[in-house]
Structure formats: structure tokens, C-alpha cells
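For reference, the structure is listed below as C-alpha cells.
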Amino acid sequence: MAIDWLAIAPEVALTVTALLVLAADLALRGDAKQLVNPLAMIGTVVAIVFAVVLWAEAPRVAFEGQYVVDSFAVAFKLLFLGTLLAILAISARYFAEGRYFQGEYYFLLLTAFIGMLLMPSARDLLVLFIALETVSVPAFVMVGMRKRDLYSSEAALKFFLIGVLSAALMLFGMSMVYGFTGTTRLEGIAQALAGDAGSVPLLLGSVMLVIVGFGFKISAVPFHFWAPDTYAGSPLPVAAMLAVASKAAGFAGLLTIAFVAFEPVADVWAPVLGVLAILTMTLGNLVALQQRDLIRLLAYSSIAQAGYMLIPFGLARPGAEVVNQAAVRAVLFYLIAYAVMNVGAFAVAIGVNRRTGERSIRDYAGLGTRSPLLALAMTVFLLSLGGAPLTVGLWAKFAIIEAVAVEVTVFGLVMASFLVVNSVIAFFYYLRVIREIWFEPAAAEAPRLQPALSLSVVVVVLMVGTILLGVLPGLVADPTVVTTFATGG
Amino acid sequence: MDPNTAGWALVVALFLPLVGGGALALMPAALDQQIRRAAVLITGVSFALVIAITATFDFGRSGELQFVTDVPWIAAIDARFFLAIDGISLPLFFLTYLLTLLCAIYSLKVLPPPGKPKAFLALMLMLQTGMAGTFVAFDLILFFIFWELVLVPMFFMIGIWGGPRRDYASVKFFLYTLFGSVFMLVAFLAIYFQSGAQTWSIPELSALAPFGSTTFQTWAFLGIFLGFAIKVPMWPFHTWLPDAHTEAPTVGSVLLAGVLLKMGTYGFIRIALPILPEGATRFAPIIGVLAVIGIIYGSLCCLAQTDIKRLIAFSSVGHMGFVMLGIAAMNATGIQAALFGNLAHGIITGMLFFLAGSLHERYHTRDIATIGGGMLKLLPRYGVLLTYVAVASLGLPGLAGFWGEFTAMWAAISPGVGLADSYQGLYLALVVVAALGTVLTAGYFLWLLQRVNLGDPPERWSSGHLDDVMTIEWVSWAPLLVLILALGVYPRLVFGVQDAAVTNLVGFLGG
Amino acid sequence: MTAHDLVFVIVGLVTAVSAILVVTSRHLMHAALYLALTLTGIGGVFLVLGAGFIALVQVVVYVGAVAVLFLFGLMLTRAPIGREALDSQNRGLGLAVAGALFVLLAALIIPAFGGESTAEVTGPTIEAIGIAIFADWVLPFEVLSMLLLAALIGAILLARREAGESGTEAEVTRIEMGEALADEPDRHEAVGTSAPAGELGAGGGR
Amino acid sequence: MSPLGPLLLAALLFSIGVYGVIARRNAVLVLMSVELMLNAVNINLVAFQNLLFPAELAVSGQMFALFIIGVAAAEVGVGLAIVFNLFRNRATVNVDDVDLMRW
Amino acid sequence: MGTVLEYAWLVPVLPLVSAALIAVFGKRLPWHGSEIGIAAVGLAMLLSIAIAWQTFVTSPVEPLELAYDWAPLGGGTVLELGMLVDGLTAMMFLLVTVVSLMVHIYSREYMHGEVRFTYFYAMLSFFTFSMLLLVIANNLVQAILGWELVGLSSYLLIGFYWEDKSNQDAGNKAFLTTKFGDVGLIVGAIVLAAGMLELGSTTPFNLLELNQAAADGQLGQGTIVLGILLIFLGCMSKSGQFPLHVWLPDAMAGPTPVSALIHAATMVTAGVFLLARLFPVLAQSQTAMAVVAIVGVITLFFGGLLALVQDDIKKVLAYSTVSQLGYMIAALGVGGYTASIFHLFTHGFFKALLFLGSGSLIHAVHSNNMSDMGGLRKAMPHTFWTFVIGSLALAGFPLTAGFFSKDEILIAGDIWAGAGFATGNLVYWVGLAAAFVTSFYMARAVFLIFFGETRSHHAPHESGRWMLAPLMVLAVLSIVSGYIFSPFWTAEQNFETWTATPIIDEEATFPFADHGAEAAGSAVQGEGVLAAAPTLAAEGGELTILHGAPTWHPDLLLIVLAVFGLAVVLAWRSYGHGLPERDPTLHMGGLSTALVNKYWLDDIGYRYIVVPVRDRWSAWATWTSNVLIDGAVGGVGRATKALAVATYDVDQRVIDGGVNGVAFSAAWWSERLRRLQSGDVQRYAGALVAGVVVLVLAVALAR
């Protein structure tokens, strides 16, 4: 059995990089250890090159249909790798100054991203499960990396417990699905569900249980509880990773399983996910209103964003290909936009926090004078998260509403209305931060900030990206129009 | 420049301020005066370009789109980068550039605390592109982008350079307007899908109209209505306006009153009416009633004000009521009236805010009672200017304010598209009540003049030296003062330019 | 009821009872031992079901490694101040939720699988399993190896004591909760005392 | 043999595990409960494989179970490390004491 | 048509240019701008005379209309800017420019040394321009334009001494009262124009077209009645008709020359003029005419009564203006078109004379009050005799201008009565009664001022040439201006033919009246009738239109003389020897109280309109704006909150109706929802599993 190496080239590249990083960390001493960061970046770039090559080569089917590299998967891989690059850049100084765990951190990070890369390509429950755990387990550790920090260890514990609980629930569901369909291949499951099995209550319940596992990753209500505590407690680059990459991975898996495996019973899960979407965005936004810690605010905001992204799931219907494809595309576009702006926001938070330990929103007062670049960037990112014009955030919301409008249903309109109202509510707290940044004078003792070069580069690139995509969303939207699921083996 | 081919001119004029604002942001903050002069230069050059566009505009074909740029933009959603200008857009477009230039000139000397001219002017230039773009975008998506773009710089202008309650006002402004516009966006999408034409082009959609069921038209119009009505602002969506106007810095108030509010009415005329004629017809009586309530209500509120800026702000509610009454008439005259009223209000109220701002500079208070009268003695030139502009604002014939009001009432007496048959009595009542509103308007302005201008100045001002109108103020105000008279004496300046375009537009209304 | 069934019932009962004891036992060590018993019982279930290889793995991995690991874990984290209650205030919640879950699952499972029955129990051979691992499931297998490596590294990372460990790692997250807790003065105090985590952390590294 | 028995046993063990996760105070005990849940899933998988699909070539059920055992081991390792680290920081492993972060 | 008429537009333009020049250069000139004003208005007067001459000698003339498109108003309709020159225009030109010139000249001396002398002249010129713009208008919009500018000018001049609060108030009052009337004018114009639009007119505001259409019976009755009555509302406010006359006496706050201008030539005549201009429309409706007549009658009588009790000479004159305007309006209401504008014409001269004369007096004694005057005939002889002439004319003493014009009105009423309309009788008899009142209060004024002992604290002195010259010119005009429409005037062209509106023809006018078809054209008058050939004659209940010179009416002559004599004698008895201890006009019981309090109209207006609007309604509106609507925003939230707290009903929480409610109760929800994040991970787990149970259950039950 020949292995299609090209199909897994990005993953292989990351794996090799991860092992190299580990080895280098062991081999190097002192300041030289910091070379692992550029090393990891190089590996990431290589992986990106492979992914770009794959874009042209898609679709490919490998491992007897367990693994499919289609345009959908490649788009996600590029998203993950791009995020990885950004996170590596913003991590550099953050961890360099901590002096601990240098190599391990990068190794764990890369491992987690291997899992993410697998996610959108997986066409088998088992592979999905492994991919999910490969994302989770290193993340558990990374969250707790600030070992002497009470908050960090608490965050790790919470994250871990909820994570394994969700995993267990998902596994229980998977086992039941297997019991009904006799296969773990998504295609096979879909075929079985299209038949008689599609109406057995136990199976439908199991479908929900499987979805729970991903609901945890994307922090949808009521599986979201870990998110604020974890983000707040973990090292900021890790929080960024969780908020963006890990969440995107969850969505990749959810999209795959929902639209490939469970598509025949979409009429059952779509309303449920739609309701979850409404609950998620509303709760996220409402609770965000009361937050005083910027990271917690971003955490709740990202919960709300997940709610928005769940809306297209609520639109799905069995057999309605146009609707379903539009839904998938909307989620994908939103995720890309979300990645750009949210990584940016976390990057700024790191830039501010690294030196000063500031996280309360009030400590951002006068950021406009202390670091105009960070202040401007934060403003752009927050406005974009809210969906202001000329930022990519607007198009993200637009994409969701557009998906709703493809075939208007009452439920779709209800969800869209919630989206509309919620995006207004969201501006309340985004504006609060912006006001703090620009309208309030800086505290007397607050120093001017000198963000690291790599961080500045990331911030600038993301800010430009936010605005560029805000002006020309077609740069992303046009290519992703063709993203579809390729049929597996 | 050939109006048929020189689309670039419009694009350059539109984006020059934005690019200039960016360039301004890169200048070192220490170059205070140079920055201010650069802003004047940028706005001046773009205004010169607009003059060139106006000069080469083919007035014989003012009903057609000229200076067209129409290229694909976002293929995924069929959005196009579609800029053009016609008789309806031209006056507002012109006004935008004029006012911004004047604001830039004004800012050479006057800038409220905390200063920071770089940020302020960069925001203003960004605002300019947003405002101007709204008037020349002929693609719904592009329109929406420009529309929303305006919010951000204005939010900062109010929030950083505003009055004591700036925090509250800025957020209220932002959220309230945003709230309306997201519904508008939803309605745009509904229109896009309902039309089935795979286009966001306003002319194409207008030509396709009416499409969709009555229910669709009603709901879609409601969505658009919310967006535009909040911006206008129509009663009862007006509550953001007094706060925003009052707290905004002078330049912000001028642009807010002078251009921003116009975007709402422009949107009604350009988008809501031609694309959703049936919905518009159903809503017209409601709009009319709300408009007239706004007229009376705004005037009554003005009577109760003690803050001069807030008074002017509330007067906008009333004046925009006349504009909306014109729109509610749904006929060519009404739209002419609305557009004229729009423009006139922009000039006059813009000027009033300039005056109020300068008074605040002098007296350091906006409280009418504290100013206490006697300005004609203390600052005779200000007194005369205030009288002049106030009288213009109250709709005196021969000055710009009259034509919008009178023509709106004249239009409303015989509303178009069959409204005359079903709502004759209602519209007559609307006209009568609106006309009564003019009395109230006269009332509060005269009272304002009496309390500010007339009588002997109170003791507290006799000691300090108050400067009368400065040169820089004369320079930045003179064009407005002239325009107020010119438009009043020669309304054809605007009516004539719009005529063909309005006739075209009314063609879409049917009926 | 076949012999298989009978054996299963016995093994199953033992497993279930010991599982219940795991979550109800009042002694930490007892709980761990009950867990070992439960895991062994599950291995027995596997045997009954004819999955010898899995049963073997179960016993080796769980009883041999995991249960021991738990015992070590329990001993290493023994509370310095005597014995504490092992159940939290959430018992009621747990009981309700778990009970509901079980009822729900049972109610769904019974109608779904109530009618099915196979005469003989024949699982796949070890050979088939071996082939499957390295033919069909090579991708997840390789990924799992990375996962285990990461878990290994991560566990070491978290559990080891740093060479230069001292109190200097004071990059402490400050969380502003003053206002949120203003109405709860007692908790506010609690937060105040626990905020300088660096000191606590240093003290924790015994 | 009917799959009903193993399935019900699995459901029971799973629910017991859920109870343990929610109700046990000691973090190690909570981890044990998680193990119960994961094992319950294995019972399901093996039961399905051997009773319903014994002839399946890919041996998905048993493979799945094997993978779960592997992953569970990894999780236990990481979990205990987290708990141990927590203990070093706070001198307690009581889950309900760990509530610095909330709201 | 003659070339002069084509330059008629210069008449309003000259004062406008003058106003602008004065404003810009006035202060630097030796006479501070007054020379420009006098020259410009003088030129305009010369041109007006030429125009008047031309139209007079060739009368009746075809109206000359020149217009160009001012602006397109959409829908193919066009707004014109143009001029309409006919006899009426020419007559008004003459009146306005003559009076204005006199005022300009007079003010040179009267206003000498005032701080805002230049400003005053600019405003005078501007005022003149505004009025002329109204007069020349060929369409309603332009008329409104002039009309409102007149209002503005009056505001600026009445409040000329703006340091004083009462003067500010007077200006505001004048502007707002007339502005209120403008509502009627504007809406009325719109209503009529809408009617024209329905007829397919592209210039719906055109006056000639409008008149023609009305006369042709093309406009619906509803449109006409509504339109003309609304316009009449405007006329009422501008021309001081009861009860909108309240601003007029207060307008005396302005400098006296301004009062002369306002009361004689501009402003107050605007209403009468406009109504006359639209007479063909008015004549289409019996209802409208009746309303007009009744308002006029009420005004002429009650206005006159008010003049009785005044001490302020200017107030006497002001109320007398109100009363005289009532005559004019009443005349229009009874079909006396020519009578009305004839009285307008003559009244302009003698009222200007009286005001300027009173100015001369005030200038001399530094007081407006007659109680401060007395015995001035020796000190100020020229003022005395000119004032007496003016008073005689006002009282309608035979052979003065006022005699011819006022009696014309009475005759018109008589004829209208003869045609079977009761309003005719009303005008006739009340008009006669008011003539008595008029004679009485004018006699009272003359006696109090010029006879008896002097009561002034200053040494009175005669005014200078700049002031006396206008008085003399006007005195002459007060007598001779009546002769162009009197039995002495036998030329074919007379005032009637001069100002005739050609549209009025027999069939179309007064469609409601019973026209005698055969009798048309023949002057049917009673034997020995005096002085009247109004536009109409009635015979046996049949109405017809007459032309021709008036003839004598001895009976009326006698009655008028008797009334005049009685009034003068009565006045002499009370006031001939100086200020009486007990002024009889102030001791007429309740009537005096009512009069002194001006029928409490000001009180009513202030207490029930101004105060509520300013203090209560506006406060209410602000309150609703700030509290209700703005608060609604928050209120929905609070209401939601209260409800939710009370019921704790989960349903309430899920969907809150209004967006605002969501937005503003968000904080509340936020606070509650936040508590879910308890920090206890096991609760999280519990919630998670509970959620799962619910979800699974929901899905399982789905099929």
C-alpha cells in the first residue's frame, strides 16, 4: 500500500519540525535555546509551502478514504498554519523572557497544530478523535505551563476536566454511531443514516453526543464554561491559540462531521445547533458586558463569535446542497476573518501585558499615547470583531447573513435578527475598550510601551490584513467560493 | 475632463482625503501648524478637483450617471466598485467637499482640547471620504461600506474632542446608528436575493423594481427605513442627535449636521424609493406623519433649551422633518424639495454650529442665560451673522431655508403614486401642521436672538475682552454665508441641476 | 440465557458494584483499589465478549499502569491536614445529572438493541487486529505516537521541579475583580489573600 | 448473546463516571471517574464489534477501543501532572477549592 | 405696451440696491447713507409716477406680465420670477414710493443723531423693497417672498431700540403674529396652486392664470373656499384684522417714521392688496365673502372703539389704522373692490400724514402721551394745520380724500344689501356708526393736542424743513388724491378704470348672485344718489356690474355731516379746554375696562398660547423626549426588569420584544448570566452534562 506522501506533507513537515525542535531544545543551552522559535517558524513556512502546493493538487484521497485533502481541507490548513506562524511570532519574546520551558512549549504547540491539520481532512471517526485529542492534550499542558502561577494551574485543571469529559461524551456517541452503522468512515455513516438508521432515537441522540465533543472545542453554550477561566489563566499566546486555532479546528471537525457524516439527519441537528447558536452568541455578548479583564472580555467575545459561526449550521437541511455549501463557506470565511482579527487582538494584549502584567480594561487607559501602534491596532481589531465597515469583520457577518438569505426561512431570520441585535450589543463592550484606549488619560506611572519587533510585525500585518480584507474581501472570498467537500474513498 | 470617460477624477477626488489622512498620520506630531496646513491643502486640492468635476459635468444630461467607474470588486457576492455622479449626487457631493475644506481652514486656528491636530484632521479626512463616498456609490454594498465608514471617525471626534458628556454621546451615536444600519444591511441582502439579478447596482435594481411580494416590499422597506430614519433622524429615532451634536466639537457638529444627516435622506431618495416603490408607497403616509410630528416636536424642544448648541441640534429634528415630508409626498416636487431642504439645512445648520462653536470659544459657555444677551453690542459682527443665519434657518423667503420647506409643503398637498386618492385629507392636515411648525420655528429662533443678541450685555462680560469675528472665521464662513443667499435668490442652482435626475427617479416610482 | 450471558451477568455485576464503590468510597486508597477492581472487571467483560487481545491490553495498561499511577498520584497529593470529605457540595447535582443520563441512555438503548442477539461470540483474531493496525489504521497510529510523546513530555514538564526554580517566576496574572465582588466583601478578602500567587507558588515547591 | 447487557453496563459505568466527575472532590478521584467513562465506551465498542460486526475487515471497533486505551493513558498522565502541579501550588487537590477565576 | 412699464422691475430693485449700498458704504458718507436712500426711492417714485401716468391715461390696460423661469419644481412645474404690471400695481407703486420717499426725507431730521442711523436707512429701503416686491409679483410664491420680507423688515424696525425688552417683545410679537397668518397664506397658496396643477398648469402659482381659472369656474368650490380663506388668514394677520391685530399697537415701539411706513404704505396694506389681487377668486364664493365682510366689520368697529381710550397719540392712530383696514376688508367682502383699494390709496396718504405729524409732536415734547401735550397749535402751526387736514380726511369730512373713499365703501355695502346679502347692511350701518367713533376720537386727539393749555415740560418748537416738507406734501395729497374718483372727475379714465381687474366680468363674478342679464352695463342708480358708482349695482335683487364716475348721494352726505358734527361737538365739550379731570371715554363702565385691556386679547394670547407653548408644551416635549422616548429606550429595559424580577419567569428572559429592551436590559442579564460562571469546574461539568441530556432528549424525541 503506497502512501500518498504529498497529501500529508504539511503534517509531516510539522512533525519533523516538532521533533527537531525537541532535539534542538535538548541540545542547545542558554540563549541559544531561543533559536527553536525561528526553527519552528521555518518548519511552518515549509508546511505552508506544501499546503499551497496541495491547493493546486486537491482533491486527493489517502489512507483508504480516512483522509481526504480537498479544497476545504487545504483552506483550513492554510488558516491553521498562518495562525501558527502568527502565534510563534508573538510567543517569541513572551516565552523568551520567562526563560522556562522554551523547547517544550514549541514542541507542544507544533504537536497541537499537527492535530489541527488532520482535522479538516479526517473522514473517519477514529481519525477525528485522534486529531481532536492531539489538539487537546498538548493544549492541556500548555495552559498549565506557568507552573508557579495559581491561575495557570487552575486554568489547566478546568480545561482538562471539561476537555476529557467532553471527549468521553463524544466517544460514547461515536461508539453508538459505530454500533448502528458498523463503520467509522463518515461516508459509510452518511449512507447508513440516509437509510432506516436515520430515524432511531438512540442514533440521533448519539449524533448529538458526537457534536458535543466539538461543541467543547468551539466553546458553544453550554460547553463554554471552561473558556473564560482558561483563557484568563493561561499564558497569553496559548490563550490566543485556544481562542483561534483550537476553535477553528473544532469548527473544521464539526463542519466535516456535520456536513459529511450527519448530513442526512441535518433536519434534526440543525435546529438544535441553531438554538445553541442563539444561546451562545447572546450569552457570550451579555456576559462580556460585565467583564473588566480584557482577556476574559475577549474570551466571552470569542464565545459570542462562535455563536455567530454556528448560525450557518442552523440553516442546514438534508439534501439541500446549495444551502449547505453556502453555510460551509460562510463558516470558513468567518473563521478566516476571525483568526485575523482575534489573533491580532491577543497580540496587542500580549504587547501590553508582557511588560506590565496589565489586563484590566482600565489599565488600557491612555494606550493611545503610550503606544499609538498598539492602540490603533487594537482599535482596528476590536472594530473588526464588532463588524465595523472597512474591516474584515463586516464581511464575516455579511457572509453569515448571506448564507441565511440564500433560502430564507423563519428560523433563519430569527437567527439573523439575533445576530444583528447581538452585534450591536457587542459594540457596547468593544467601544468601552476603545474609549479607554483613546478617551481616558494614561495613569501617571504608566510607561511607554516598546513592543518587540516580531510582535509589531505581526500586529501590523494583521491590521493591514484586517483592513485589506475589509476593502477587498474578494481576496479570500473569491478563492474560497470553490471550497467543497470532496467525496472520500 | 470628459464626464463620460473621466471616472478617475471621481475616484481620485474621493480617495484623496483618505490617502491624505493616512499621510497626515505619518507626519511627526510636533509639526503642529504644518499638519493643519497640510490638511487644508489636501481638502483644498480635493475640493478643486470637485470644482473641476462640477465644471465639466454635463448639466444637459444631469439625469444620467457621469464620471462612471464600474469594475468588479468582490466577485464572490457580485459586488462592484461602482462610482458615478448625477444631478442628485452632485450638490451633496459638492457640499461635502466644501464643508470639509472650510472645517480644515477653521481648524487652522481653532481646535478644542486636547488638541492633537494630527489625529483630529486625519479622522476628519477619513470622515470626508466616507461621507462623499455615500453620495457617489451606486452599488449597495459599496454604499453600505461608505455609510458605515462614517461612524468610526465621528465616534472618535465626539469621544476625544467632545464636551463633558462625550463618552455617553459618542457611544450612543455609534450604537444607535449602527443598530439601524445592520437592519439596513439585512434588507439589502433581501433585495439582492429577491431581485434574482445577481447585482447590487442601484440603477439596475431600480430598473427591475418593483419585484417581490407586497410583504417582501414592506419588510425590506422597514429594514431600510430603520437604517435611514435613524440617521436622518426622524422622530422618534432622534434621541441620539441632540447628545451627539451638543457634545461634538464644532467641526464635528458642522459635519454631522452638514453632511451626515443628509446621508439618511439621500439614502431614502436614492435607494429606498426607487428600489422598493411599493413599500415606499405603503410607508409614505407613516413617514409623513412622523415627519410632521418631528417638525412640531423638534420646535417645541427647541423652545425649552437653555443650551445654544442643543437648541440648534433640536432644530435639526424639525428641519429634517420638512425634508422627510417632501419624501413622503412621493412626487418629483417632493423629492426636489427634500434634496433642496437637505442641502440648505446642511449649509445653514452647519453655519449655525460654526457660530455656536465660536461663541463657545469666546464665552466659554453654551448656556444662553449665562451669555445673557447684548451680543449685538459686545460682538456686533457675530450678532449680525447670528441674526442672518437664524433668519435663514427659520425659513425666510429669499434665503436658502425657504425653498425646502415651502416646496415640501407644496409637494405634500398633492402626493404622488395614488396617495392623493386615499390620503388626501391626511396630507392636507400634514401640510397645515407643518406650516404651523414654521411659526414655532420662527418663535424659538426669535427668542434665541432676543436672549443672545438683544438687550444690554450683562456685567460679567464687560470686564473681559471678547474678540469679534476673526479673519480665519470670515474665510471659513464666507462661502456658506454667500451660499445661503445665493441659493435663496437663485434656487435654480440646485433645482435645475437635480431636475432631470429627479424626473428619472420618479419614473421608477410608477403610479 | 446462555452460559455466556450468565458469566457476563456475574462479571458485569462485580464491575458495576465496584465502580459504584469507586465514586462513593470514603477512603482514597479504597477508591483506587476499587478502580483497579473495576478495570479488571471490564477486562473480564472483554473476555466474555471474546476480545482476548483487548482484555489483555486492558489489564496490562489499566490495572498494571494506570491504577498504579493513580495510587502514586493519591499518595503524592495527600492533603497535609488530615482527612477531608471526598465529596463536594455538588453531589446532588451529580446524582441528578448522572441519573438522568443513565435513564435516558437506557431508555434509548433498550428499544434500539433489545431484539438483537447473536448465537455465538466470535471476535476478530489477533492477526486481523495486527494487520488492521498497520494497514488500515497506520495514520492514526502514527499520530497517536506523537500524541503520546507530547503527553509524556508535557507530563514531565508539569511534574518536574525546575533546576533553577525559585520565587522569581513572579509573572503573575493580576485579575481585576474588585468591582465585581464589591458586594461580597468576604470573597473579596479571599481573593486578596490569594493574589500574590508567587509566594504561594514558592511555598508549594516542597 | 444479546448486546443489551454490555450496552447497559456501559451506560451504567458511564453514568457512574459522570457522577464521579461532578461529585467527587479530590481531583485524583475525578480523574478516576473519567477513566470509568472511557472504559464504558470501550465496552460499547467491543460489544458492537464482536456481537454485531465480527466479520468487519478493518476491525474498527476493537481498534477504536485500543486507541482509546492509549489516549486514556496519555490523558491520565497529563491529568495527574496537572493535579500534581496544582498540589504543589496550593497544597490541596480539592477541585471545588479551585475557583480563583470566575464570572 | 409702453416702454416704461417694461422697466417696472426697477421700482423694487432701486430700493434694494439702495439698501445694500447703504449697508456697505453708508457710514462713510456725509449724510450717513440717507442720501442714497432718498435718491433711490425718489428715482423709484419718479418711475412709479411715469408708470402710473401711463397706465392711467390708457386705462383700462391689459396687464403686462414678464416672467422668466426661476426654478423647476419637479414634475414639469416651473416657478416663475416675474412682474405683473397693471393699474393695481401702478397704484400701489405710487402709494408706496410716495409715502416711502416722504418717510425717507422726514427721517433725515427725525432720526438725526441716532446710533444706528445708517442701519435705519438701510432697513427703510429694504422695507420699501420688500413691499414693492410683493406688489410686483406675478405669482403667489414671489408674493409670499415679498410678504415675509415685509415681516422681517418690520421685525427689524419695530425692534429698532432693542436694548429695551418691551421693544424686543414688540418685534417678536409682530413677526410671530404675522408669521402665524403666513401659515394661512402659504397653505392657502398651496391649496390654490394644487387646484391649478390639477387643471394642468405648469406654472400653478401664476396669479393671472389663477384669477382667470377661478373666474372661468374651473376651480372647484372647495379649493376656492379653503384656499382663499386660508389666504385671508394671512391677510388678517398682516392687515391687523380682529383678533390678529394685537401686534399692531405694540408695533408703535418702533421709531415713528417706521410706524408711518408700516401703517400707511407697507405691511398693513399688504393684506388688503393681496386680497384685492385675488378678488376674482374671492368673488367665487359667497361664504368666503361673507367671512371677509364680517371680519372686516368687527375690526372696523372694535378697532375704532379701542382708539377712544388711548392716551398715546401713536396708539390712537394705530387703532384707527386697524379700524380703517377693517373698512377696506369689509368693502372687499361686499364686492366693493374699487372702493376698498380706493380707500387703501387715500388712507395711505393721510395716515402717513398723521403719523409723521405725530412724530413731529413727539419730537417736540419728547412724549407720546397726549396728556403731555395740549395747546400746541401756536407753537407748531404747520404741524397743526397739516394734522388737522389729516384728521379731517380720516374722519371723512366732505371733500377730503377720506370722504370720497369711505363713503364709497358704505355705498358698496348698501348695494350689496340691495342684492339681498345681509352683510351689505352690516357694513353700511356699522360703517356709519364707526364713522362717528372715528370722528370722535380724532376730534378728541386734535383738541387734546392742540387746544387748551400746554402741559409739556419741554418748550415745544416747530420741526425743521426736512420734517415739515413731507407733511405738507402729504397734506395736499390727503385732499386731492380723492378727486380722481369723485363726481368732480369726469374724464373717461378714473380710479376705477385704472385699477380694474379685467378678469372680472359679469357672468363669472359672483356666480352665486342673481345676475340681471339684461340690465348689464346700464348704470342703475337711485335718484340723486351721492358719490357712488362702485363696481356693482343692484336692482330688484339682481346684481350687475357698473362702470363710470361716481355721482352725488345727498342723503348720505347729510348723514355723514351730521355724524361728524355730532362727534366733534361732543368731543369739544369734553376735550376742547384741555385734559378733563374725568375722561368720559375712560368712564364707560365695563366697555372702558374692556377697551383699556384691549379686550384682554393680549392676555389671552399670552396666557393661553405663548405661556403654554413656551413653558409647558415645550417642556413637555423635552420631557417626553428626554424621559419618555429616550427613557423608553431604558424604560423598556426597566419594565422588563421589573416584570422579570416579579415573575422570574424564564419565558420572559428568552425573547425580549424590543431591541432597545435587549440593549438596555443587557447589563441586567449580563449580571445574572455572569453568575453561571461560578468558578467551580464541577458545576461546569454538571451544566455541561445536563445540557447534553437535554439536547439528546430533544433530538431523540425529534423523530
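A, B, C, D and E label the chains in the order they appear, each numbered from 1.
We take it that a contact is a pair of C-beta atoms (placed from the backbone, for glycine too) under 8 Å apart; a residue touches a chain by one contact, two chains touch by 3 or more.
Remember, it's a predicted structure, so these values are computed and weren't measured experimentally.
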| item | value |
| --- | --- |
| Chains touching both chain A and chain E | B, C, D |
| Those chains which touch chain D and also touch chain B | A, E |
| Reference chain D; chain at largest CA-centroid distance | E |
| Pair of chains joined by the greatest number of C-beta pairs in contact | C-D |
| Chain closest to the middle [Cα centroid of all protein chains] | B |
| Of all other chains, the one whose Cα centre sits farthest from chain A | E |
| Euclidean distance of C-alpha centroids - chain C vs chain E, Å | 97 |
| Rounded Å distance between chain B and chain C, as computed from the means of their C-alpha atoms | 66 |
| Interchain centroid distance [CA atoms averaged], chain B/chain E, Å | 36 |
| Inter-centroid spacing, chain C versus chain A (mean Cα positions, whole Å) | 27 |
| Chain A, residues touching no fewer than two other chains | 126, 130, 133, 137, 140-141, 144, 147-151, 156-158, 161, 165, 169, 179, 201-202, 205, 228-229, 232-233, 290, 424, 428 |
| Per-residue overlap in chain C, given as positions that touch at least 2 other chains | 88, 90, 93-94, 97-98, 101, 104, 108-109, 113, 136-137, 140, 144, 147, 151, 154-155, 157-158, 175, 177, 180, 194, 197, 200-201, 204-205 |
| Overlap residues in chain B, where contacts from two or more other chains coincide | 175, 179 |
| Contact pairs between chains, per stated definition | A-B, A-C, A-D, A-E, B-E, C-D, C-E, D-E |
| Chain D contact footprint on chain A (complex, rising order) | 125-126, 129-130, 133, 137, 140-141, 144, 147-151, 153-158, 160-161, 164-165, 167-169, 171-172, 174-176, 178-179, 182-184, 228-229, 232-233, 290 |
| Chain E partner contacts - residues on chain A that touch it in the complex | 157-158, 161-162, 165-166, 169, 198-199, 201-202, 204-205, 207-209, 212, 216, 221-223, 225-226, 228-229, 268-269, 272, 283, 285-290, 421, 424-425, 428 |
| Touching residues (chain side chain E, partner chain A) in the complex | 659, 662-663, 666-667, 669-671, 673-674, 676-677, 679, 681-685, 687-692, 695-703 |
| Chain A residues touching chain C - in the complex, by the definition given at the top | 1, 3, 8, 15, 18, 22, 62-64, 66-67, 98, 100-101, 104, 107-108, 111-112, 114-115, 118, 124, 126-127, 130-131, 133-134, 137-138, 140-142, 144-152, 156, 179-180, 200-203, 205, 232-233, 290, 292-293, 296, 357-363 |
| Interfacial residue positions of chain D with respect to chain E in the complex | 18, 21-23, 30, 95-96, 98-103 |
